[in-house]
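Each of the next two complexes has chain A plus one more chain, namely chain B in the first and chain C in the second.
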Partner chain A sequence: MIPLLLITPLILLAALGAVWKARPVHAALLLALSLSLIGGLYLMIGAEFIGLVQFMVYVGGVAILIVFSLLITRPGDEAEEVARRPRSVATGIACVVPVLGMLLYAFSKGLPEQGSEGAAPSLPIKDLGDRLFTYDLPAVLAVAVLLTAVLIGAALFARNFDKNPEPPADS
Partner chain B sequence: MKPVLVLLLTLALSGLGWAGEAGPLVTGESLPRLPQRLVEMILEAVSAPEWLVAIGSFAAAAGTVVGVFLGGFALLSLFERKVLARVQNRLGPNRAGYFGILQPVADGIKMLTKEDIVPTKAEWLLHLIAPVLIVVPAVLALGVIPYGREWLPVPLELGLVFFFAVGAMTEIAIFMAGWASGSKFPMLGAMRAISQMISYELPLMLSALAVVMMTGTLSLSGIVENQQGFHLWILPAWNILTPWGMVAGLVFLIAGIAEANRCPFDLPEGESEIVAGHMTEYSGFKYALFFMGEYLGLFAISGLWITLFLGGWQAPLPGLGFVPSWIWFFGKLAVVIFFFLWIRGTFPRVRIDQLMRFAWLFLIPLGLLTLPVAAVWEYSGRGTLGWLICGAMLLVPFVMLTVFYNRRLAPATRRYHFIE
Partner chain C sequence: MTPLALLLTLSALLFSLGLLAVLTRRNVILILVGIELMLNAANLNFIAFWRYGPPEAGLTGPVFVLFSIAIAAAEAAAGLAIVLMVFRHTRSTDLNRLDSLHG
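Coming up: the complex of A and B.
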């Protein structure tokens, strides 16, 4: 319980900072912080596999992707961003309130009875793999095909077989 | 003087060996765990609470690893300069102490006493955090590698996943260093570093995946135990000595060199091009931290290579099992590190387009190929038939790829349009 109380405010603060910061790189780094703290939360409650995958996919993949796309695009005007803020805040609150209300309602209805008592059920990694590759195989295959297509596509983009590239127009 | 010291040390160690009540306290095998057991014994003797004993024991285990590898870092910084010097027919550092042995100490003092410069355009907080964030994942990754039969700092079931998960932090840290410096060379270096690390992470994971597929476990100690035994009484049953393992091991080694930003893939800090890459605006101890992170990362990636393909702490010849297993691990580590230095002394730096093309068009296809080859090896009986089929499966695409790329991408006569 104590790690939960320690780490959730940090996650929330980092997430708030990620939407509040006007400079995109700061926002992206705060997002990465928030995502990695969520990974830490998973580790603390004993869900090691999902925690490590969270690190690998979200910090190593998604955050890097965001940072990279920030680097190769032109940054927007920060003052403009700040000026737009009141409207953004209003929209944000309008989105957050119903979602939060729904979540709280769902939690108040559907909390499991034995929640606080006893240790959390632990699933050995072998069982997880067995289930993933028998019962959930179609989904895994679909994702695998999709990712392979993405990989081949990326390799095609990287390919540059021009034998005689156009000489740069020099004066 | 020296024989007396050796004798005293032996006496002290053998005394420790019989001091324990339940059998010897320390054998050759469990020597690296001595600090941990001593801390546990002391804490239990003063009847400390259980959680304190657990924390103390864990801190001692972690301290052993960190201590060993910080010593290794100091030694390697000297060893690298010496080896490079010999490759280039020089003498290398030989002023500080006998054989230059005190050179790391001198370097350390120099680094500590240098002025710590933060550029005015830098973001001081990110500029400060970045070097720390580069060292942390390297240390964390060192924690899950099995160094010996009894020396596994953190016995984690998901060791391999953990290794790659903490490695993800390095990329963010390098980006932070490059961006927060507020200068163009660090930025360029960071962009190079990130694109290189993302590209080479794929072949790295694919080749590690082949090992996981054949072993059926993600635990690194499980992978080492799986490589026990010998073929034909003399050839160790290491993964590198199987057809799929040869290719996967080679792919992993090359990708590992690139992940560690070592020559010939050291473009992120290419001195002759972009000053020092993401480290340009760092000085003093922060600069030293970058180097520490790099060397510790090198130790980690070579340790993982040894664990996955070179049999970890297993002895290389039958009948040598009496030597403590961690000695074998560190012997292999020394050989692999020397191999890296040799490569650094020999190969020229590649160009950035060659670097990316090599990863995406050559290493990733080969890495993907190791997975079906490993499956064929498993179901063809792991024998002569397997060697034939797997060899054909690997050689034909390899030759096709090389011929194809040679025809399309061979280094042609370069024309420099601006010079003409």
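Coming up: the complex of A and C.
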């Protein structure tokens, strides 16, 4: 319980930085930190395989993809972003607070009386693989089709990107 | 506070922060950052219920998280490819300037 209490505020601080930082690269790097800490949390509570998948896919893939996308696009005007922040944040908080309140209310009312706080349930990789390729095989195939479609789509985008290069805009 | 309640509170706060990013950011890529935070909050719920919830659920939580991570990776790749295409045409990723479909 104590490690959980230590890592939880770190995750929240990193996520808050990812939401709050005006400079996009800083926000993306803080997102990577937040995702790493969530992976560490998975390792701590006994979901080692999911934690490693989190590190490989989110930290090694998605976060780095976002950083590179920021590097090859032109960032917006940070001063303009900071200037309009108070109004947009006030509107955002007005929308987010009811959602947060509903979530916390649901969690406070709907939790089981006592959870299993002892040893972590086992997560054997063999059982996970057996389940994925028997009971969940249609879902695995659907995800495979989805990933193939995304791969082909991204390749098509990249090809068009190279074929019709546009000169960079002045200024 | 039980560990389950702590993790669920963390996931609710993470989801809210992601929603706040989606609602307040103007850079399309940073909106994707918010969406990733929201997806991670959902994943955290699955793992929290698998770890601290009733034991009858078996491997359902981790299996759901694996599919969710795969779909989130596909979503990020497709989303960023679209963002790059948009950037190629408009030279900007600012949502306020992407109004060519505005009536």
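By our rule, the second predicted complex is superposed on the first by the 146 of 171 C-alpha atoms of A that agree within 3 Å, B and C clash if a C-alpha of one lies under 4 Å from a C-alpha of the other, contacts with A are read in each partner's own complex, and residues count from 1 in each chain.
Methods note: a contact is a pair of C-beta atoms (placed from the backbone, for glycine too) under 8 Å apart; a residue touches a chain by one contact, two chains touch by 3 or more.
Since the structure is predicted, the reported quantities are computational estimates derived from the model, not experimental observations.
**Student:** Once the shared chain is lined up, is A:25 touching chain B (first), chain C (second), both, or neither of them?
**Tutor:** first
**Student:** Using the touch criterion from the header, give the chain among chain B and chain C with more contacted residues in chain A.
**Tutor:** C
**Student:** Check the residue A:83 against both partner chains and state whether it touches chain B (first), chain C (second), both, or neither.
**Tutor:** Neither chain B nor chain C is touched by A:83.
**Student:** With both complexes overlaid on chain A, does A:6 touch chain B (first), chain C (second), both or neither?
**Tutor:** Touch partners of A:6: none, neither chain B nor chain C.
**Student:** Quick check for you: in the superposed arrangement, does A:127 touch first (chain B), second (chain C), both or neither?
**Tutor:** A:127: touches chain C, not chain B.
**Student:** Please work out whether A:103 is in contact with chain B alone, chain C alone, both, or neither, and reply first, second, both or neither.
**Tutor:** Second partner only, chain C.
**Student:** Is A:49 touching anything from chain B or chain C once the two structures are fitted on A? First, second, both or neither.
**Tutor:** Once the two structures are laid over each other on A, A:49 reaches both partners.
**Student:** Considering only touches as defined above, state whether A:154 meets chain B (first), chain C (second), both or neither.
**Tutor:** The answer is both, since A:154 touches chain B and chain C.
**Student:** Who does A:137 touch here: chain B (first), chain C (second), both, or neither?
**Tutor:** A:137: touches no partner chain.
**Student:** Going by the contact rule set out at the top, does A:38 touch chain B (first), chain C (second), both, or neither?
**Tutor:** It touches chain C, and chain B stays clear.
**Student:** Can you list the residues of chain A that touch chain B in one structure and chain C in the other?
**Tutor:** Chain A residues touching both partners: 49, 53, 61, 151, 154, 158, 160-161, 168.
**Student:** Contact residues on chain A for chain B in the complex?
**Tutor:** 25, 29, 32, 36, 39, 48-49, 52-53, 55-56, 59-61, 63-64, 67-68, 71, 125, 151, 154-155, 158-161, 163, 167-168, 170
**Student:** Give every residue of chain C touching chain A within the complex, in rising order.
**Tutor:** Against chain A, chain C makes touches at 2-10, 12-21, 23-27, 29-30, 32-34, 36-37, 40, 43-44, 47-48, 50-55, 59, 62-63, 65-67, 69-74, 76-78, 80-85, 87-88, 91-94.
**Student:** Chain A touches which residues of chain B in the complex?
**Tutor:** Residue positions touching the partner: 126, 156-158, 161-162, 164-169, 171-172, 175-176, 179, 187, 191, 194-195, 198, 201-202, 218, 353, 356-357, 360-361, 364, 408-409, 412, 415, 417-418.
**Student:** Which of the residues in chain A end up touching chain C in this complex?
**Tutor:** Touch residues, chain A against chain C: 1, 4-5, 8, 11-12, 15-16, 18-19, 24, 27-28, 31, 34-35, 38, 41-42, 45-47, 49-50, 53-54, 57-58, 61-62, 65-66, 69-70, 72-76, 81, 84-85, 88-89, 91-93, 95-97, 99-100, 103-104, 107-108, 111-112, 115-117, 120-121, 123, 127-128, 131-132, 136, 139, 143, 146-147, 150-151, 153-154, 157-158, 160-161, 166, 168-169.
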